[in-house]
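Please read the structure below before turning to the comments.
Order of writing sets the labels: A, B, C and D. Residues in every chain begin at 1.
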């Protein structure tokens, strides 16, 4: 297997994730796109780790997974709060800088 | 007459390994209250005395263990002494002509061999007991000390790294074990009556146990990592206990304040400890001290670490300017205050400095200097808190400020190198301050209030036992001979070395400022304590018992601890009588405390001891008496003459004199420190600073962008209207529209609060930059 | 897994001709047995009523009759349902069960995939079924279904924690997450220096076993944890709109899961395919191992159904409280204790 | 090696298609379900790379927890069946251009740099190696992550609870 095939797969996922982040208005959808980006990064970590025979890649992939879980928890809580206050999770309407 | 113990860090020290079952098993002492905490939590409510019996039994057993530890430690030191004696005889045989000679010869010899000392050292005849062994042989037997008992267990081991936990027991730790368990035991007994019928009685005892346990854990910790854990545990327990009656807002606020203020210092603690770890390569207290003393760590590193740790001391031990939580912490139940102030939480900072003294000693260059942060903080706290104590009406607050002030003494003593004096003061202070707090609690138990002016007065008639013990402890606190406070305070004053400017005592440096502040502090202490005595016990009873008749003396479970503490406050000072007192030469009953507590080992820096001076002792006593008599004259004669029920002169100095009044107001407002913290810093960040940033954002950046847009649009309009008339329409229209569009885009895209746009710009910019990088690099 | 994926083409044949049929059998056979033996017979006996007895000897053909009945029923889709998700949901649930079977060892070599992190994999794929249930509940376009689905998901998430934490105790004691390793650790273990019967972890991990079984009961949404499918309140929750073959799939999924979890419990706590007296490396275990495992599994499955028939239903708040305030702290204590003993002993 | 490349191709194709569906579908629940497929694919890629423990963790945490949490959150707020309007920004060309540009740049750079780099054939890591590494070399990040998880837990509760 070539290293570059994993890297290219990861870059495809990454760009799709970026498209999602930019093109989606719904908060939950943006969170999902961020998950795509994080997963793309994880593939990179593990692929490079395998290439260099270094366990660090996997370890950091694990850290990313743990942090992603925390991020989703907090992110969803914030979205829930926005939904409760504005009855919508449209991120483009959340543009006032002053709470 | 001189009492010195000294040895150099690099000189090999022959150590005798101490041992003994109790010393090696010292971990049982914190374990006992920890177990009792769990048991009380689970089974307390179902027990006959609601869990109190568990707490008392566990701490009593711990106390017995601590006493046994102390006994074994003293035995070990005595063994070492006889070893030294033996060695000395051996030496005397070698130097037959010196054997019956004294002073002079030792002096010359020591100066010969110990020429590397930075301090001027003297050795008097018969002093070798404390010196352990004067350096008289070249085979490395420079000093004989006792190794601390160190037991390490591997906590976990993974990938070649070992994390250890362990105990380190030496004289200092043994002393603290004794003090903590003793005070805690008395507080436990006292509490059974004091908080009887409380709604969280069981919970209270559980946390009392945990509190004692964490402090004991902190005391015997072998490495700084463990010490941090103990330190934080103490903080958490104090939070729970100060906020014991959390239903009332001020109490929970006080608990929060204590906790948060301590966080400030804990940052310093963590940073300082990390610095020490990375530079010494070990968490072990002994190894860190060794590295510091042997100059394996750079001086500036040590200085930074010491400064960080000093911040921790300032918050934990309530030093000026982070002391504000301590008086508020009076919101907790009185026995807790006694425990916090006498034996546990606040002395943790002092203990930490004493433990890592090598770091501070080298970091601050304590020897041979005349100024350092530690001494400055201590002396400022000492006087500042003493002044604050004058304007408090709440008896517990007076005592709280008094604690702050006395802690100032200890920090100052550590700052000037008077290690033994500081630790000894910690020891004696524990007893009389616990006695005072418990006494105040006893009074308030009778009158249901802490306000001296409104609810007390004339209590000596109603509560004779409390009155007598309170007065004894007060005198001890004032430092009047021959009670405990005198000996320890005097030793600190001697240790400053400042008196040497006028007569000559050998200290580590010449800290005149510390000496002056120390003497002023002594006078202040005397004066405000006289005020407390008058307001509480003399004059007329001003309180209201709501028809319950006169206030009653508290029960046995309250008075017996009081009597014990008063006895200790009387006697504790005699444990460390200065050399030369009542006897020209060193004998077996002088300097016992220092002898047993002060480590003689490589991990302890070479401190020099000041010489006790009769003139200083007499002078400080006179100053103290002046303080007592001034306050006494004001209250007992003038105020009392005005009316036995009055609490101050109707037309006193603060009414008449503007400056005095201003001073009084400043004191009343506690130097405006709370205002500084809450109003200026907290609200400042919340209000003006945030507003300013918002304004900058709105007016500055937005406006700039808007203006760019508008001006571009205007220019393009101008172009359109003026030049267009004379130019080919198509070309000009295009350029006009283009620039207008540009203006609009700059205005609208860049800053509208739309995160999508921000993200788009960010990603686009990243892409472009990356592309450029690839193409051109 | 990678070594499996890397095999030469013979592997395809091996997989599709041997492993898939065996796998199907391993899921369907225990499920059918359990349904017949416990759901039909034991429950009738316990509740003092007559069970099936007409179809075949002792009613043994009843099961076939039931399957036939479900198969011939119309596969109804609600009008407003999300067709694709609605159709896919039962397969997701069933897939989770099939993936569980993959790592259960039935003999020294009788295992589909010998993963290094075997039990960890089991815990991971068992959590996939939550998604299937949420899919079913949401796509039915029915408030009861949605409520049931959310309740089920909440319950499954809550009880997954004690389930995993209970397993951690075993993993600590065995020193491996490999299922074969866990079996061998029990086979080669000793009780106080006596190796006569090995060391089935039930003796040391009885707290873990208790927690595991309670959590399994909840994971299967069986009484007393059947709040999500409560007929009387939610009209069987997320199953409301399902009929015909898809309901059958859910049904098979539920009972196959009961069987699989019993098998996992048998491996974790009762020594799996091992019986004392025979050397664990003996090849005979490849033959008798599956039978031994099946026997242990049926015994544990009986416990599950015994509880199901005996206890009344928990209320939703009681159910959540039991998980968060009792089981999880208990399992943490169990882990701590196991860790301490592992280090000390 | 052929089998692995075949598997890689299949999984990657499914993943990319599903990822497209995630960012284009008109239904939140569908997006989450497509996300499951992508995540499962990522787990499969981890297994191909020999990172078994990470792959299983991916399933446990992402599919078992993160997606369930997302679904849960969506269903608790509003989960309409059928297509939802108002999921997308009005302007979707710019994001597409940015993403495409970025992909172009990355593809060029990656192919240019790692054109022929082969992955080592046998590099299966097991859980013991991962844990040894975490608890020795990366103990501090590990502890930091655990503190972060605790903080996130408390933070989420504080943010989401009703007054």
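The criterion applied here is as follows: a contact is a pair of C-beta atoms (placed from the backbone, for glycine too) under 8 Å apart; a residue touches a chain by one contact, two chains touch by 3 or more.
What you see is a predicted model, and the numbers here were worked out from it, not measured in a lab.
Enquirer: Determine the groups of chains connected by touching when chain C is not counted.
Expert: one piece
Enquirer: Determine which of the two chain pairs, B-D or C-D, is joined by the larger number of C-beta pairs in contact.
Expert: So, comparing the two chain pairs, more contacts are at C-D.
Enquirer: Cα centroid separation between chain B and chain D, in whole Å?
Expert: 51
Enquirer: Mind checking the centre-to-centre distance between chain C and chain D? Centres are C-alpha means, answer in whole Å.
Expert: Measuring from centre to centre gives 28 Å for this pair.
Enquirer: Quick check: how many Å separate the C-alpha centres of chain B and chain C?
Expert: 58
Enquirer: Centre to centre, by mean C-alpha position, how many angstrom separate chain A and chain D?
Expert: The separation of the two C-alpha centroids amounts to 7 Å.
Enquirer: Multi-chain contacts in chain B: which residues touch at least two other chains?
Expert: 756, 760, 763 - these are the residues of chain B that touch more than one other chain.
Enquirer: Tell me, which residues of chain D touch at least two other chains?
Expert: In chain D, residues 1, 4, 48, 50, 53, 57, 65, 76, 89, 94-95, 98-99, 102, 106, 133, 137 touch at least two other chains, as defined above.
Enquirer: Counting only residues that touch at least 2 other chains, which ones in chain A make the list?
Expert: Within chain A, the residues that touch at least two other chains are 18, 22, 25, 92.
Enquirer: Under the stated touch criterion, can you name all the chain pairs that qualify?
Expert: Applying the touch criterion to every chain pair yields A-B, A-D, B-D, C-D.
Enquirer: Under the touch definition given earlier, write down the residues of chain A that touch chain D in their complex.
Expert: Contacts found on chain A: 1-9, 11-20, 22-26, 28-29, 31-33, 35-36, 39, 42-43, 46-47, 49-51, 53, 55-59, 61-63, 65-74, 76-81, 83, 89-90, 92.
Enquirer: Spell out the part of chain B that touches chain D in their complex, as residue ranges.
Expert: Going by the criterion above, the answer is residues 158-161, 756, 760, 763-764, 766-768, 770-771, 774.
Enquirer: Show me the residue ranges of chain D that touch chain B in the complex, using the header's touch definition.
Expert: 89, 94-95, 98-99, 101-102, 105-106, 108-109, 112, 132-133, 135-137, 139
Enquirer: Along chain D, where are the residues that touch chain A in the complex?
Expert: Touching chain A: residues 1, 4-5, 8, 12, 15-16, 19-20, 22-23, 28, 31-32, 35, 38-39, 42, 45-46, 48-51, 53-54, 57-58, 61-62, 65-66, 69-70, 73-74, 76-77, 84, 86-89, 92, 94-96, 98-100, 102-103, 106-107, 110-111, 114-120, 123, 125, 129-130, 133-134, 137-138, 141-142, 145, 148-149, 151-153, 155-157, 159-160 of chain D.
Enquirer: Could you list, by residue number, the parts of chain A that touch chain B in their complex?
Expert: 18, 21-22, 25, 91-92, 94-98
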